[in-house]
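Pasting the structures in now, so scroll down.
Heads up, the next two complexes both have chain A, just with different partners, chain B and then chain C.
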Partner chain A sequence: MGMVKVTIDGITVEVPENATILQAAMKAGVDIPYFCYHPYLKPAGLCRMCLVEVEGMPKLAPACVTQVRDGMVVRTNTERVKKVREGIVEFQLLHHPLDCPICDQAGECYLQDITFRYGRATSRFVDEKELYPTKFYGPLIVHEQSRCILCKRCVRFCTEVLNGADWNVYWRAAHSLIGSYESDKVANYFTCNLVEVCPVGAITSRLYRYKTRIWKLEFTRSVCEHCEMGCSLDLGVRENQLFKIKHRMADPSPWICDKGYYAFDYVNHAERILYPLARQENKMVSVEVEDAVSSIADKLKNYGEGEVAFILSPSLCLEDAAAVSSMAKAVKGLVDYRVYGEDYLPVKGNVSDIEDVESAKAVLVVGGDVAVSHPVLALSILKAKNAGAKVGVLSAHDIFLGERVDVFSLLPAGSEEPLIKELLDGNVDAIPDLSDEERSCLKDMLSGELLLVAGVRASSALRAAIYSRSKEKGWKYLFLDRGCNAKGLYSAGAYSEGVGEILNRVKEGKVKALVVAGVDLFNTYPNGSLVKEALESAEFLVVMDLFFHDTAMYSDFFLPITSFAEDGGSVVDLFWRVRRRNPAMQPKGLSRPVRDWLALIGEAMGADVDSQGQVAETGWDPLQAKAELLEVKGNTVALVEHAFYRSARYASWCSRFSEVAESPCAYISEDDAKALGVSDGDKVLVSGKGGKFEFVAKVREGQPKGSIVIDAGFDRFPVTLLLNGSWVAPVELRKA
Partner chain B sequence: MVGPLLKGLRITFTHLFKPAFTVKYPYEKLDVHPRWRGKHVLKVDEEGREKCCYCGLCEAVCPANAIRIYGEEAPPEKSDVGKIAAIYEIDYRRCIFCGFCEEACPRGAIVLTPYYELAEPEREKLLRTKEDLLEKR
Partner chain C sequence: MRAVIDKEFVSEATWNKIQDLMSRYPDRRSALLQVLHAVQDEKGYLDMEAIKWIAKLFKLPPAEVYSVASFYTMFNLKKVGKYLIQVCTNISCMINGAEDIVRHIEKKLGIKVGETTPDGKFTLITVECLGSCGKAPAMMINKDYYENLTPEKVDAILDSLK
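Up next is the complex of A and B:
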C-alpha cells in the first residue's frame, strides 16, 4: 500500500493512502476531538466534532471520514475551527441534562473532557430541555436517553460486530432515540460493549451504578478468568474492593463478553469464607492457620501410594497447578483438572493467533456453543464472516452464533457426534434440516480451505476424527477446552485418568483422602450422584475455595483461597500464550493462593512443593483417544448445558449477572411441544436417573424431535443428577 | 538596664486593673462569626430529602483526605436525583477546616457551621459518620 505525506498543523507525517485525517493526526500527535469515531468500528461522521480546515477545500472537513491525499495540508488550530468546535459542543449540550454529579461516566466522559477543552463557558439556549426517563434494560445496563449524543457507536457495534441485535435508533433527526424495539431487556452476551463504547454516560453498567467515582479506583491490568480467550482486563479497586472492570487493551479482541465484564462481584461477596474452617463434632468452626495446616499435613502423611487425590478447577493458575502436581508427586497421589468430565486433553491447534481466525476463508463450528464457552471467539468468527468467509455451525445447542451464519443446523443431542463424523467423512446429506443452499455451501466449505473449531463438548473420539481429517485435508483446527487455564494445567501435568476415575476410586475406597481446589463438583461434574457417593465415602476431604458450596458441605477442612483479582498468577490462553495477571488487591482475610497453602502443608509434612510451571511445548495427541463417539439413544435425549449467565465462575455469587438468567429453561422442538400440549413459557418436567426437575419450556424452531436442551448452573438445582458421566442423557419429558 | 524592666512591669500592672479579654470558657462562650468554619452539616431540602448526591467533589478537593464517601441508589423520597451517599465520613482527626468541601459542592449540600466544640475524649469518636453529619429537621 502506498504511503502519502500529510501536513497537520505544520507537522508532516507519512501514512497509508487509505488513512483518514484523524488517523494521520493521531500519528502526528495533534489532538482532534471526536465522539463517534471508534478505532474498531467503521467511521460514521456523525458527531461533526472532528471538523478541520483542509487547504483547498472551501468547507471544513470531518477528519474521521476524510481520506488523506498526498501533500494535503490540514489545520486544526485556526479561529474558524475553534469557533465550529465551540458551536458543536454547544449543540451537543442543548438538551444534555448536565447531571455530571450523579452520572457514573463523569471522570471518563468524552463530553466532559471536550467541553472543558473546546467548549464555551455558557450556553445561549434558554428553552426547556427535552429530558427522558431512565430506562433499565435488564439487570445489567442502564440507559439514559437524555445524556445521549447520538454518536451511534452502540448501534454500530450491534450492526457491525454482532451482525444485528435488537438495539437501534428510532424516530428521526432531533427526535432520534436509541434503544431496543421490542423488549425491555437486551438479550445478547455482549451488552457490556454498549457500556464500553458509549463515550458519554448514556449507557452505563448497573453493577457499578452510583457506587463510587471513577477517579477513586485504581486500575490494575489482569487477565479474565472465565474462558481461555484470556482477555486483558483492568480491575478497578478501591479500599480492597473490586468495583469495576474495564477493557482498555484490545488483546486479544477489542470486544469483551458479559462474563468478563460483569461476573466479578463475587470477589467482594459477603458470603466469602475468609478464615480456615475445620469440622468439629459435625460443625465447621474457624481455626488458626497453623492448626489447620498441621492437622492436614498429619492426616495426609498417613496415606500411602495412590490413596490421596487432588481435583482442581481448570481455572486455577499455572503456578497453583504446578504446586498441586508437585504435591501429588510428593504424596504419590492422583491429580486431575477435568472437572466437567472431559475425556480429552488440550490439543495444540495450528492457529496461532486470533487474527488467523478472523482471516479464515471458511469456519465450521462443531460440538459446542462457542458463544457460551468462548464468547469473544464467536465475535472473531463473525468478523471472519463479515470479511467474506463462509461460516457454519452444527451443534446440538446454539443461541447466538447460529442465527447469524450461513449454515446452521441444530443436531439431535443423542447422535450429534456420529453425524459430525459422517460429515467429516464427506457425507453432507447426513446433516438434517439444511436447505439446498446450505448444503452446497457446506460442500464448498469442506472442499476448500477450512478452519474447524471443536467446541468444549466434543469428546476425545470426535476430536481424533477432526484432527485426523484436518491433517489429511490440510485444514486448520482449533480445539477448545473448558476453564480458563486447561492448557496451563495440562502443562503442569495436573492430569491422570480423569475426574470420573478418581471419583470412582474414592467411592470404592481405593482413594481415601481427597483435596478439591476451586470447584464445586456438584455444579460441574456430569454425574451428581457419583459426586455425592464419592464425597460421602471419602475418609478425609479438604476443600479449598472462596465459598462454602455444596462440595464443601462434606469437607473436613476448608481453606480460603484468593480470587483472580488478588492473585498474580499466569494462565495459558487458547493460543498457548502465557498471560500474566497482576494482583489488584490484597488477599481478603486469611485467604491465600492454593500454592501458598500447599507450600505450608508441604513444609509441615517435610515435602518440597515447587510452584514453577513450564508451558508444554506440544499438546496432547488426540489420536491416542480410545473412547467411542458419544451416542445416546432414547425417546427423549437431553443435553445439559450451563446457561450463559450461569456459566461464569462463581456465577451464583455474582448477583446482578446471574439474575439475567431468571429460571432454568428447556429448549424443546415444535413437534414435542405439540405432542405434550405445551407452549412457550409453560412448565415442563424433566425426569431421569437422579430426580425430577421443572423447567420453563422454550419452543425452538429447528430443534430436532426427541431432543431437548436443558439449562444447568442454577442455585439449588442439581441437574447433574440426571447425568451419567457425559452431558447427554436419556430423560423423560412431561408437562408439569 | 532597669528601664526596660520597669517599662514591662508598667504594662503588666496597668492590665491588672483593666477588664479581662478572656471568658471563663465552658461556662461562658464567645460569639463566633456566622461564617466561622466549624463542624460540617449535610443539608436536607424542604421535603426532607438529602441534598448530597455523591458527586465526589468534596472528597476529591479535600487537601487533608478527611472525607470518605460511597454512593447508592435512593428512592425519590430520599433524594430528588435518585442518588445519595451510602457512607459519608468526615475524619475530624484530619480535617483542617479549610472549607474547600463547601466551596466545591455543586448542590450546597455540605456546609460548615459555627459549631466548634468537637473535642472528644477518644480519638475514634472524631470519625463522624453520615448519621452525625446529616441535618436534623
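Up next is the complex of A and C:
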C-alpha cells in the first residue's frame, strides 16, 4: 500500500493512503477527541466530536471518517475547532445527568475526560433534563439510557462482530433508545464487550455496580482461566479483593467473553476455604500447615508402586502440573488431567495463530459448541465469514455460531460421530436437514481449502479421522481441548490411561490413595456413580481446592490453594503459546499454589519436586487412537453439556454469572414436543441410568427427533449420574 | 438447517409480492423496507409477531428489523383502527387551526390523540409536516390526503368512511 504524507498541527507523518485523519493524528501524537470511533469497529462518523480543520475544505471534517490525502494539512488547534468541540460537548450534556459521583464509569469515562479537556465550564441550557429509568438486562449488565451518547458502539459491536444480536437502537434522533427488543435479559455470551466498548457509563457491569472507584483499583495483567484462548485480562484489585476485570490488550482478540469478564468473583467468595482441614471422625477440622503436610507425607510414603494417583484439573498452571507429575514419578503413582473423560490428548494443529483462523477460506466446525468451549474463537470464525469465508457448523448442540453461518445442521446426539465420518469420506448427503443451498455450499467447502475445527466433544477416533483426512486433502485442522491448559498438562506429562481408568482402579482397590487438585469430579466426570464409588473406596483422599465441593466431602485432608488471581503461573494456549500470569493479589489465608503444597509434602517425604514446565515439542498423534467412534442407540438419546453460564471454573461460586442460566434446560425437537404434549417452558423429566431429573423444555427448531440436549453444571443437580463414561447416553423423556 | 417459514402468516398475494421484492436485490436486506410496507398494507400494523416473522424471512435478528421499523413513523408498531387519522400539527397547519381540528376529532370520536375507538374503526394521531403546508391544515387517513380542513369538512369525511 502506498504511503502519503500528512501534516497535523505542524507535525508531518507518513501513513498508509487509506488511513483516516484520526489515525494519522494518533501517529503524530496529536489528540483528537472522539466518542464513536473504535479501533476495532468500522468508522461510523456519528458523534462529530472529532471535527478538525482541513486546509482547502470549507467545512470542518470528521477525522474518524475522512481519508488522508498526500500533502493534506490538518489543524486541530484553531479557534474554530475549539469552539465546535465546546458546542458538541454542550449538546452532549444537554440531557446528560452528570451523576459522575455515583457513576461506575467515572474515572475512565470519555465524556467526563473530554468535557474536562475540551468543554466549557458552563452551559447555556437551563431547561429541565429529560431522563430515563435505569434498565437491568439480566444479572450482568445495566443500561442507563440517560447517560447514553448514542455513539452506537454497542450496536455496531453486535452487528459487525456478533453478526446480529438482540441489541439495537430504536426510534430516531433525540428519541432514540438503545436496548434489547425481545427480552429484558441479554444473554449472548459476549455482553461484556458492550460494557467495554461503551465510552460512557451507559452500559455497565452489575458485578461492579456501586462497588468501588476505578482509581482505587490496581491492575495487574493476567490470563483468563476459563478456556484455551488465553485471553489477556487486567485484574483490578483493592485491599486484596478482586473487583473488576478489564480487557485492555487485544490479545489474542480485541474481544473477550462473559466467562472471562464476569466469572471471577469466586476469588473473593466467603465460602473459600483458607486453612488446611483434616478429617477427625466425621468432621473436618482446621489443622496447622506443618501437621497437614507431615501427615500427608507419612501416608503417601507408605504406598507402593501404582497405589497413589493424582487427578488434576485441566486448568491448573504449567508449573503446578509439572510439580504433580514429578511428585507422581517420585511415588511411582499415576496422574491424569482428563477429568471430562476425554480419551484424547492435545494434537498440534497446523494453525499457528488466530489470524490463520480469521483468514481461512472455509471453516467447518464439528463435535462441539465452540461458542461455549472457546467463545472468542467463535468470533474469529465469524470474522473469517465476514471476510468472505464459507462457514459450517455440524454439531449435536450449538447455540450461538450455527445460526450465524452458511451451513448449519443439528445432528442426532447418538450418531453425530458416524455422520461426520461419513461426511469426511465424501458423502455430503449423509448430513441431515440441509437446504439445497447448504448442501452445495458444503460440497464446495470440502473440495477446496478448508479449516476443520474439532470441538471438545470429538472423541479420539473422530480426531483420528479428521486428522488423517485433513493430511490427505491438505486442509488445516485445529483440535480443541477442555480446560484452559490441557496443552500444558500434556506438556508436563500429566497423563496416563485416563481419569476413568484411575477411578476404576481406585474402585477396585488397586489405587489406594488419591489426590484431586482443582476440580470437583462430580461436576466434570461423565459417570457420577463411578466417581462416588471410587471416592468411597479410596483409602486416603487429599483434595486441594478453593471450595469444599462434593468431591471434597470424601476427603481426609483438604488443602486450600490459590486462585489464578493470586498466582503467577503460566498456561499453554490453543496455539501452544506459553502465556504467563502475574499475581494480582496476596494469597488469601494460608492458601498456596498446588506446587508449593507439593514441594512441602515432597520435602517431608524426602522427594524432590520439580515445578519447571516446558512446552512439548510435538503433540499427540491421533492415529494412535484405538477407540471406536462414539455411537449411542436408543429411542431417546441425550447429550449432556455444561450450559455456558455453568461452564466457567467455579461457576457455582460466581453468583451473578451463574444466575443468568436460571434452571437446567432440555432442548427437544418439535416432533417430540408434540408427541409428549409439551411446549416451550414446560417441565420435562429425563430419566436414565442413575436417576431422574427435571428440566425446562426448550423446543428447538432443527433439533432431530429422539435426540435431546440437557444442561449440566447446576448445583445439587448431578446429571453426570445419567452417564456412563461419555457425554451421550440413552434416556427416557417424559412430561413432568 | 432448512428454515421453516409459515407462509400462511400472510395472504398468498402478499407472499408472492414479498418473494418478488426479495428477488430484486443482490443483497436481499435491501428489500426490508418494502417488505415491511407489504406486511403492514395487509395487516394494518406491525406487531411483535410480524416483526419476528419478517426477521426470520430475512435471517436478521428481530431487534434489527424493529430498529428499522421504529425509525420510520410510517410504520404502526401497535394495533391501529381500520382508519388511521394523522393530523398535521406542525407550524403551517397549527397557524391555520390544526389544534381545533384535533380537538374536534377527539370530541367527535370520543377518543384522545393516540387512542383507538372501541369499535376499532378509527385511530387518531398527530404528525409533523405532511408536506401540504400550502393547503394547511392537512391530515392523512390511511394513504389519502385531506386538505384545507374545517370542522365541517372533517365531519363529512369521517361520516363517509364505512
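Simple rule for what comes next: the second predicted complex is superposed on the first by the 736 of 736 C-alpha atoms of A that agree within 3 Å, B and C clash if a C-alpha of one lies under 4 Å from a C-alpha of the other, contacts with A are read in each partner's own complex, and residues count from 1 in each chain.
In this text, contacts are C-beta pairs under 8 Å (C-beta built on N, C-alpha and C of every residue); 3 or more make two chains touch, one makes a residue touch a chain.
For clarity, every value in this text was computed on a predicted model and none was experimentally measured.
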Clash or fit: chain B against chain C, after overlaying the two structures on chain A? fit
On the A-aligned overlay, A:Glu182 touches which partner chain: chain B = first, chain C = second, or both, or neither? second
Figure out whether A:Lys211 sits in contact with chain B (first) or chain C (second), or with both, or with neither. first
May I ask for the angle at the C-alpha centre of chain A between those of chain B and chain C, rounded to a multiple of 10 degrees? 90
Quick check for you: in the superposed arrangement, does A:Phe408 touch first (chain B), second (chain C), both or neither? second
Quick one: is A:Phe116 in contact with chain B, with chain C, with both, or with neither? Answer first, second, both or neither. neither
Quick check on the superposed pair: does A:Ala106 touch chain B, chain C, both, or neither? Answer first, second, both or neither. first
Quick check on the superposed pair: does A:Glu701 touch chain B, chain C, both, or neither? Answer first, second, both or neither. second
Taking the superposition as given, does A:Val169 touch the first partner, chain B, the second, chain C, both, or neither? second
By residue count, is chain A touched more by chain B or by chain C? C
Closest CA approach of chain B to chain C after superposing, in angstrom, is 30
Where on chain A do chain B and chain C both make contact? none
Please name which positions on chain C make contact with chain A in the complex. 1-4, 51, 60-64, 66-67, 70-71
Of all residues in chain B, which touch chain A in the complex? 53-57, 59-60, 70-73, 81-83, 106-107
Which residues of chain A touch chain B in the complex? 99-102, 106, 134, 209-213, 215-216
Parts of chain A lying in touch with chain C, wherever the complex brings them together: 159, 164-172, 180-182, 402, 408-410, 433-435, 438, 701-702
